[in-house]
Structure formats: C-alpha cells, structure tokens
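Read from first to last, the chains carry the letters A, B, C and D; within each, the first residue is number 1.
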C-alpha cells in the first residue's frame, strides 16, 4: 500500500482514468439519446444512468473530499445518481430510472466533462494514498458499469419488437465443431486463495486464506450450445429430478425452455446477440451463454457432473494469464474454444457459475463508510461467478475476481464449466 | 349521412386534417426526444407513441383501404402502433411502449410526413362517404390522443424527481375567492338525450333516446380547491363512512390523502401543474382537479349532496355553447369560474364525474369491424365524465360527448360538480 | 311505516325468526366442524363464520340496543364477527377467517343459542317499530348468508381434491331437450320500478320511480348448457371480438375456457354440483350457471342479442308470482324450464345478469348509521342480477330484488337470459 | 451398514417406531379437529396434514415396497399427502392444504392406525437393510414434522385474533439476568467435519471431509432478549448500514421492527409463546428467538462480531453431549443459559443461524430415487442452522445435523450465537 502521508505523481493513473472514461463513452457511440433512456427489466438501468452514476462516484468520493473548493456540478445530482449507497443519500426508486428524460443526455455529458476536468486537476497533483485507492476503485467501478451497460442495452434491444443490432459485426466463421472437452486434473490439498500483492482488488477478494481441497478435475472448456441443445432435447426443461427445487419453481413460473435470448423462428432456434439475431446452427460450437445458475446446475446434474467451487476454479486459474475473448476482442459474444489441450476459456467468453454461495472470506473486512456498501452488503442469496465474459474489459479481470448474481439471473453473460471428483 | 356512392370535394376536411395533425406536433414542441420516450405509469403512453399511433390510424383505416396502390410506410408499424384493435393485429405489450427507442423520433416524424402526404393525395380527390366518416373519426381520435398526451407528459414530469415544467406560463392572477355556488333548477320530465344532427359524434353518443328525469338542481360551478381542502381538513380521507367500499379500499391501498399532484413542501400544499409547481394558496378559487370518482363521490356525500347523472348533465348542458377554458385558452389548468349567475364551467376546466356507469344507450350499435372496438368494448367498470377539460381541444367537445374512466383513475383532468334533488 | 311509538305483538315475527335461524343450521347439518372451517377463495367465508356473523347481527343491532340489561355473549365477538361495518368496529382481515379454529364450532353454536334465547325474550314483548324493521332486516340478512354459505361450501368442496358431494340427491331425470326459447314482447313506455307497499325490501330497491323504456322482448327461458356449449364450440373463448375489453383480459388472465365448475375428464365435460359431479351430457337442457357477467355478455353478443336491463326485467317480472326452482325445491341446481309458452324461470334456477350497473335509484337514501353500510357503499364496479337462484330461499326473493356482483364473479349461481329490441 | 442380504430382528426399532408415532399424536392432544385444519402462512401446513403426510411416508417408501401384498389404505392418499416428491406423484398445491376438510381427522387417524398395524407386521419380521434404513429415515422425517407442527400451530394461534395458548404451563421463574457471555477459543487448523459412524444421519451430513479453519472464538451462550432489545433501542431496525441489502429490503417490505411474535400492548413488549403471551420483561435473560438470518446478521454487525460458520460450530460442538432444553423438557420456549463457564446452549433452546449457505459437502451424493429429493434439491438460497431448539426431539439432534431455512424465515425457533476471530 502506498505511503499515506506523501502522495505520488499520477501520470499513469491519469492516463488510465481518461482511458476508462473514454471507453464508457465509446460504448454509447452506437446509441441514440432515446436508446440511452431504455430500462427494459428491473435488473437493468438506462445507459444514460450508467454515464451519470459512474461520474457521480468520482464527484462524491473524490472531488467532494479531496479537491479543495470543489463545487458540485448540480445540487440534485448527488441523490439522483446514487445507486444504493444508503450512507450517502436517499436514492430515487430504481424502477423510475427509465423516466429520467431530464436531465438530458446533453446535460449528463456536460456533467461528465465537468467532473473529468476537475479530476484532471486533482490527478495532476500529488494524491493522498486514500484518494489514489479511490480513483482505482472508481475506475474498476466504471468498468463494471461498462459491462452492465452492455447487458442492459442487449436486453433493451431484445425487448424492442424490432430486435435491432447494437453493433454491426462481420459474420463470424465459427468451426462446426468445438475441440473435445478433456478433464484437467488438479491435486487439491491445503491451498491458498484470495488476492495478494500490489494490484487493485475489491475488498471481497481478501484476505488471502487457506482452504482444503479434495483432488478434482475441471473440463478443459465451456459447455457449448450444441451440448446444451442435447440437454434440451433430452427433456432438460421438463424433468423435475434434474433441478433444484427453487430452479424448478423458476422454470414453471417463468416458462423457461431455453437460455435467455434463444427464440424459435420458423421451426429453427435463433439467438439474439449484440450484433443481431444469429442462427443457432452457426453457433453450435460456441459456449452456451445467458443461463441461470439453476440451468447450469441442472445441466451438470444431467451430465452426471457438477459445477466447480470457486476455490477449485481459482486454484486452477491462478497461474494462467488473464487473457481470452474479452471486450477488446470486439466479438461481443462467446467464441469457440482453442485446442491447446489444456484449460481453455478460463477468462472471457462467459462468466462461469460456481457451486459457491457469495459469502465473506474468513477475516473479511468491508471498506469503511459508504464504500463499504460496495460488496459486503450483497452477501446473501447470490452465487459466485468467475472468469469474466466477452464483454468484460481485459484490465478488469483476474483470477481472484468474484462476480455474483442471484441464481435466477440470466441477463448477464453467464455460462457453464463442468467439474468432477478425481477418479 | 352523406351519399355513399358519390364522394364530395374535401377542401374543408383537408384543412381540418392538417390543423389537427399540426396541433399534435405543436404539443410536442417543448419536449426532447428523451421526454417523448417516458412512460411513467401504466395508464400512460410515451408521447412518441401517440405521434405514431394516431398516424397508424390513418394508414390502417384510410390509406390501406381507400388509396389505390398505397404501400405501407414500414411493414412492422402495423402491429407496432396498434393500441388495442384485436381485429387488426396483435399488439405489443403496453408496458413495453416505454422501451420503444427504435423506431427513433426521426423515423416517426418521417412516418407522419409520409402518411400526411398520402392523406393529402387522398383528400384532394372525391372521397367515398365511408372514407370521409373515417377521416373525421381519425381526427377526433387524434384529438383524444392530444389530450392523453398532455395527461401523460404531466405525469412523466411529475414522476421525474426534478419536477420540470412542460410550458412556461406567466403567473396567473387568480381572484382570491370564487363566485358563490348557486343551485340551478331543472324541471326534468320525459326528455331526450344523445346525439342527433349532422355533426360528428362517436357511436356511443347514439341513438338519441327518451329518458325520464325527476326535477333536479345543479351547482352553478365546479367545486374549488378551497372547498376540497375543507373536506380534507374535516377528515375526508380518514372517515370510512364517507366512501364507497371500493373507494375506501383504494384510499388505504394507495395511501391517498389529497388529489393527485398535490404534495406538501415545508408545511404548505403545492400543486404540480403543466406550468410547474404552484402554491395551493394561489389556486384556492380554481376548480379541484385530478380526483378519482371515489373522491368526487366522497366529497359529495360529505357535502350532503350527490353527483349528477349523465342524463341530468346533458339535459342541462345541451342549450349552452360548448365554450370555456379549453386547450386553446392555453391555461393548461382549470381557472376561476365566471360570475354570470347561471351554469358556469360546463365545458372545459375539468371533466365532471357523473353518477352514471358507462353503458350502452338503448339501441346502441357499435361500428362494424375493427372500428367497433373503439368505444363499445370498454363498457364495464367505467364511470362517465362530461364537459371536457382545460386540455381538451375546443372543436372536440359537445354536450353529448361521453368520456369514461375507471373510478380510481386520477391522471386525467377530472373534477366535481354537485347536484341535488329539487327541494 | 309502522307507528314508532307503540310496538305490536310479534307472534308471526317470532315464528319467522326461528324458522330462518333453524334453516341456517339445517344447511350445516351435512357438514363436519372441519368442513365448516374451509375458506377456499377470497370471495368465500367459512360456514362457521356465517353461523356467527348472522348471530352477531342480531346481537349488535337488536339485543345491544333494544333488550334492557343485555350483556354481550363474549367481548371479542363484536369485532370478530363484524364483516364490513366500519361504523361498528374494526374487523379482522377477511383472508384470516379461515384461521378461526377458535372460537370452536361448539362455542359458536352456544353463541347462537344464547342470542336466540335473548331474541326470544325480546320478541315476546312489544317491539318498537325500528326494532321490528331490524329483525326483518336481520332475517333477510341471514337468508343472504344461507345462500352465500351454499356458494362457499360448493367452492370448498370443489377446491378439495376429492370433490365430495354436499348432499346426496337421487339422480334427476332431466329431459334431453329444453322447450324452445320464444320471444316475449313488452311495450315499454313510461313505467315505474322499485319497491312499494308494506312488505320488506332493502333500501336499494327504493324509491319507486318512473323510467322510460323502448319496446323490447325477453327470451322465454334461460340459456341452456347445450346452447352455451355451442358458443364454446364456435370459439367463444378464443374470439376477442365477442368480449368486453375487461372480459377478454379476464379470459386470458384466468385461463377461462368454460363456466366455473365445468371440467374435462377423459374427454368429456363434467359439471361439479352440490350433489357431486355430473355428466354435462345429462344437463344439456338445464340452464348454464356460474358464468361471469363477461361470459353472459359475450354469449349474448355471439347470439346477436343482448342482456336485459334491470328495468326491463323488473317490468316484465312484476306481475309474475315469485315462484320457481328455489332453495325449498331441494334440487340445489338449475333445472329444465317449463313449457308454458310464457316467461319461465324468472324466479329461481339462476340469477340473471342484467346490462345494468348497480347504482342508486333516483332519490335513494341509505339507512342511517351502520346499517346504511349494508347496500349503498357497494355501488361501484358491480352489475345487477335479478330473480334468485336454485339456492335462494323462497321467502327472500321478489321482483324488485337487486342482487349485485363484480362482473368477473362466478362462484354465485348466475346465468343468462337474452333480450332484444322489439322488431 | 447392515448386511443387505440378511435382515436383523427389529425389537428396538419397533419400539422406536411406536414411540415416535405416539409422540406425534401426543403433540396433537391439546388441539381440536378445527385447530388441526389451520394453515396460517405459506410456510406452514395444517397439523392434520402432518399427521397424514408422515404416515404416507411409511406407506409409500416401506409398505408398498417391502410388505408383500400390501394394499394402500386409500387410492387418493398417495398424491394427496405427497409434499414435494416429484418422482412419486403430482402433489396438490400447498396453499390448498388448509382446504382439506376431507379426509376428516377421523379418517386420517384411521389411516395412521392402519399403517401402524401394517408397519407392526413388517417390523416383526426380518427386515432387509434398505428397509431398516428407510424406517429410520421415516422416523427422523416424522420428528422433523413434529417440530414443524409446533412451529405451525404456534403461528396458527398467533394468527388467531384471540391468541390462545397451545399448552398451559406453570409460569417459569427465570432469573433476571443471564450469566455473562464469555469467549471460548478454538484453535482451528485442518479439521474434519461431517457424519461418520453407525448412527443415523441425513445424506446432507456426509461425507465426512477435511476443512481448514483459522483460530476463532464462540460466545459461550446465545444472545438474550435483553441484548436484542438493546439493539432495537439503538435503532437496529432503522439503520441501513447494519443490514445486508436483501435484509434491509425485507425490513422495509415486511415492516419488521422486532422479532416475530413480539408485539406492543399498552406500551410494553409482549412475546407470544406456545404457552400464551408473556411479558418481555420476564424473558429478558432468555435467548431471543424467531429472528431471521438477516436480523441475526444485523445484530452481529451491530455488536461488532459475526456469526459462526457451520464448520466452526460443528468443530466446537462435536465433543459436547447433545443435551439441552429440547422438546422433552416441555418448556416449549428457550430458557436461561447455565453458568458452567463453557459453551452453553449448543443444543436446544434455539437453532443457531450460521454464516454458511446450505450447499453440498465435497463428494455429496443424494440418496437414489425419490428419497434423493429429501435434502439435495433445497441447496440454494438457504442458510444453515445448527443445534436444535426447545421443540426439537432429543433423539433427533446431533452435532453434524444441518438444518436450513431461507434467510427471511422467522417462524422456526431460530436464535443467535456470536463468533469472532481469535485476537
């Protein structure tokens, strides 16, 4: 940790700051002010709100505290763009975010510009270590919202009866068949997981701690659409014995019979993607995506396997480079696994549901004050996902990263890797 | 009814057509594309949708049938902008209208222009009488949507945490006190109500038919905010005995304690209007507005009076000119009654809840086909309102006009006129 | 109205009192204490509650006011068994009535006995006219609950997976075909409706008042199951154009595809009745029953006819004897119409949905105080039904009687009579 | 495991069988047939249903498979009294269990008798080992339902406006103050948890497996009502920062401001118990009970501590005798801790919420077939509780026992033990 008395010049941090901020705006480039308004499900927020809320973070936690004489851009924005930090202010009801025609996009872009300029002043000077930590937190926060923004706009365009594409990509020429899945063994034993070292991490990745693992094996790649279709054709969505009780309730209540974004058209399955609808037949070798934990778990039970725990996953991943089909590859969708024969697709493509509930690590301490609401307060009724997806920024992911969603969520890019006991 | 074989030149109808169409667009002038997206309650639709749906009406019921060789502007628009005409097509779920970022406002304005141009071609020629009737129906339909658009944008700006004004009006200088309410007697007897003659009317205003009325009296003006405040201060919202059973359930379930758009700020009542928030103290002499049928009925019971029936209202109104504080006066809010000593405010200011359920007149026949869905299918669970409001276009209202809403609705401009038996 | 100063000896009233009270208990004879506990839908109450609530009525409105020195049977019962009289006390939540295992049936029968004994003392003496009126009201109130009790127990046994019969009746030998329906003309004109004379009536049947009717015709008998099956087979439940908008919403939301209590078993329609399940094929000539207003209205539209208004119905009925298949005939289900050639089934068999909303008659005044809550406060969102059903006590029905339910209700015995304009 | 070829004489098992079966009936002795009908919340089932369902278990899994020539008591009972075993049959909707007036209590007691007699025949003979295992499972299943029956009847009597007592107990003379809570240290390390040895356990307690624990400390006794009241008085239910996000949502949605069964009466807190309402002031030294996981977690955060994990709890408990204030002590409510200075109240009094989600142990295998639905399918959205309660049968509990409920559940007897890192 940096010395808390004497700040350090922030050349790299400044560059990072503007890179991340510009990236958010770039993601909005294909969208009209009207698109930026849409909130098509309760999980989602309008893109315009993401633009404002990420800015609010820097204003609230950096400028108001560390830039002498800083005047807030607009007195109402402090509570308008608070998401859930109860310690900071009341927040508007989430369901009304879609009614935010005012402030206009123009005003929100002005807000971004104004905050960026003030941050520029702040970053040019020596920063207290606490401020530096917060800038890094703010940038990682903004990267999370970049990913959410893509989840949300995908859902918005799915909800739109016209099913428009977010981005016009050249048709990909995926191989007809994926490489065969192999089992990659791991001896387990008394190992350690959790973040250590100098890089950024969220509070929920710490402290690093010991855990004991039985020997286990992980599948070398993610489950493909073709394999998932086999599950469907084998009555996967009609056989109660394959499902957790809550999962079976969800199947019946929501009428699930395929992953989110799959629909039937003239007798064929079509998959809606950020680049528009695509024939499932062209995606058979690519990882299945947008499944809930319940579906991942039912698939694993059907396959006679199980999901990995997050500790198993991290142990297997920690020596691998955090590279893969991430946001920067611009595919915006999972692609076919490589044929290295080792663990493939551990980073990128699709977040991997684990069999672990999202809970505190032994000795976990939340950040003090409002920032402590960032992670800790969500530690109930969620399952951990690992590894990032095709819309995760590359600089955002690492082997210790713990993502989490409720088990019925499907609008995030989530897929399945199988595990089993060592035989 | 015009001769159905030989059409007539349509000079006036053409002028009327463009007047009404331009009026809709004028009402949108103060709004941004983002404002036009908002759908803040389930009763409401986004303004953009109103722009498109009214255009769809002319395309579907006029151009597709009467303009030879007409090609629809866009194949998807037929079902996208259908509201509830089951006979024409499936419709998108109403709650998703707010997700319509695409088609863009630009495309919708292009749609309007294209349909207007085609209508221009149609209207320049001899029109079959059926087509002429439908043009008039379409224009009245569009005027209804003009009024709805203002209800909806008022609610959208109310739902917005910033409470913006739709229109900047000079502060009105309302008198401190209204003229005293008098009782205007009517002998009743065997009378006739319902539309007759050549002008346009909706199918639900016909046939003209006999009805018998006991002698009755109507209040000379609408109930004021000041009078309504007396009701509130006398425990109006806490006394079950004043309310219909369904009304009392609504009071408790929705937490009603004042009309819609009234809120307390620093101990004073403020009223949100289309020209922004106004102190209630400045509006005491103006008619109370945005009350439900239940509130109107409870107020009447508290006052020892009752609401008029729609037959009483029409009999009293039918010889009065259909003039008043309507859309063209640009007040966009009810204003203080005149002091003529006779019936005031029968037209305009606020729709008057009647004690009559919205049901078919004896011998009622719905229009044939899809247009028959316009009125008849709503004849359950609604109460009739009469006389128009401060946002009703002047050419749209008449004494036989029957408006209708569910008894708990409040987002329309609805007020109260008292009635009693002749003593 | 009787002289309010000098009461009259009550021999007949006393006999009437005990007749009605015993009748309620007789209706419970086939039921176990457990059966008397069931509350299977939100419209319904447990039979045990009916036993107590009807007793509460006499205790609250008669004994507490008119029997000097009367001590309530139990201090909690005043609010426990209040249904909806806000002026008397708070009431327990209706949905919790089914949790009333205590007080036990034994205690409630003791409550009935105690109140009956006290009423006996009251009735042996001269009664003030107001008390006499209330006794009659209480007895009519109890008769209404007798009918409700049968609705509720029918639904309770329907909800029970075993579908038990309430009453073992010998199989009826219904004719295979009903008499043909004829049209019975009525000249209409300026007529009068509403109760007059000395007999008991509810406040909502008054005052008698003038109304004007166009000439009309009523079908000579109720619509049969066979005719209703024709409607179903002609796509009645799939054709939006036949339905009111609210009705179509109900069809979709509730999945209606037949009247309540019809179910398919091994490819055949079966009808659950108070005497157990019966083959529809054996009931084809009997009136269809347990349809909502929406279904009655849709059937009429499909048939090219309409429902009668309540004024038409009363005018046609007022000279007919109030006789028919009522509770005392013990069929407990509608039976086949007679073949008189005139109006049949006007009383009994099934309540007839009218096209009239339940609203106040001109000059209507609710009873003063808590008893004024009996009828008046339900005057919104209800439709009027006329004529009684197979489970209405004979002494309870008359031509001016106005029953009312929400248009989607089906658990009451409600059927359809068609009407049309005179041709 | 017993030899599966040759069964063993079952004298003890037979005695155990009848002991457990009689115990269930004894618990119903204070209840009337009407009480046995009540289902007052969606978590609960009527006591009558518990009586039948536990019997169904023996009929389905023992008699039908192992008693040659066994004829089911009633053909409908197989699906009527199935709770959630999808592999066996469809089940009736849980919410309708309260409508089961038929079969009557009498019939259900006859069902019990008949099944017991048949079980007697079965148990007198040599049993295959699989059958023996199922009998033990069935008895443990029945003991679980004994506990649930008491939860449910407590809620039923709480829902009843009269708040009757289930059982008349002499007033307990609890000390005014509990013994001080001490911290009991445990070194942790690489330990083992999970069931081993010959006694009965559920599948979810296996396999025994290694886990690594940091050194930790457990509070010597449960949190008391007095301590919980301090939390409440310190704004516990008003301070968002103390709560998990889902917990805070629950507080607001359900209006929680105290544990379940606490209510205010004339300015004092009263606690409803199975022996009737008791003044909180007399219970201050007894453990707080009927709190949700969210409340337990918020209390721990407020106290600056945390909840133990299930592995910590089991490690600390495994050498202690499984004794305490359990069902057989007949207190039916938590009582004051002893003053041994060591771990107190580890068994009995109140189930202890742990910080562990209910998930599969490494290598977990569900039982084959329908019995595999017993535990495994509930492994999502639940938290583990340990140690039993004042209404758990003594022979039912052990240190490896894993109970589980959703984090918002409160109708079970659940309390709080604090933990912390070793300092």
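Note that in this section contacts are C-beta pairs under 8 Å (C-beta built on N, C-alpha and C of every residue); 3 or more make two chains touch, one makes a residue touch a chain.
If you're wondering where the values come from, they're calculated on a predicted model, not measured in any experiment.
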Mutual neighbours - chains that touch chain A and chain D alike: none
So, comparing C-alpha centroids, which chain is the farthest one from chain A? C
Go ahead and note the Å separation of the Cα centroids belonging to chain B and chain C. 38
Averaging over Cα atoms per chain, report the distance between chain A and chain C in Å. 59
Quick one: chain C and chain D, Cα centre-to-centre, how many Å? 47
Counting only residues that touch at least two other chains, what does the list for chain B look like? none
Treating touching as the only link between chains, describe the layout with one word: line, ring, star, complete or other. ring
Per the touch rule above, enumerate the chain pairs that touch, sorted by label. A-B, A-D, B-C, C-D
Show me the residue ranges of chain D that touch chain C in the complex, using the header's touch definition. 32-40, 48, 76, 79-80, 92, 96, 98-105, 156-157, 159-162, 164
Quick one: which bits of chain C touch chain B in the complex? Just the residue numbers, please. 84, 86-87, 190, 209-214, 240-241, 243-248, 293-294, 297, 306, 309, 355-357, 359-360, 362-363, 372-373, 377-381, 383, 407, 421
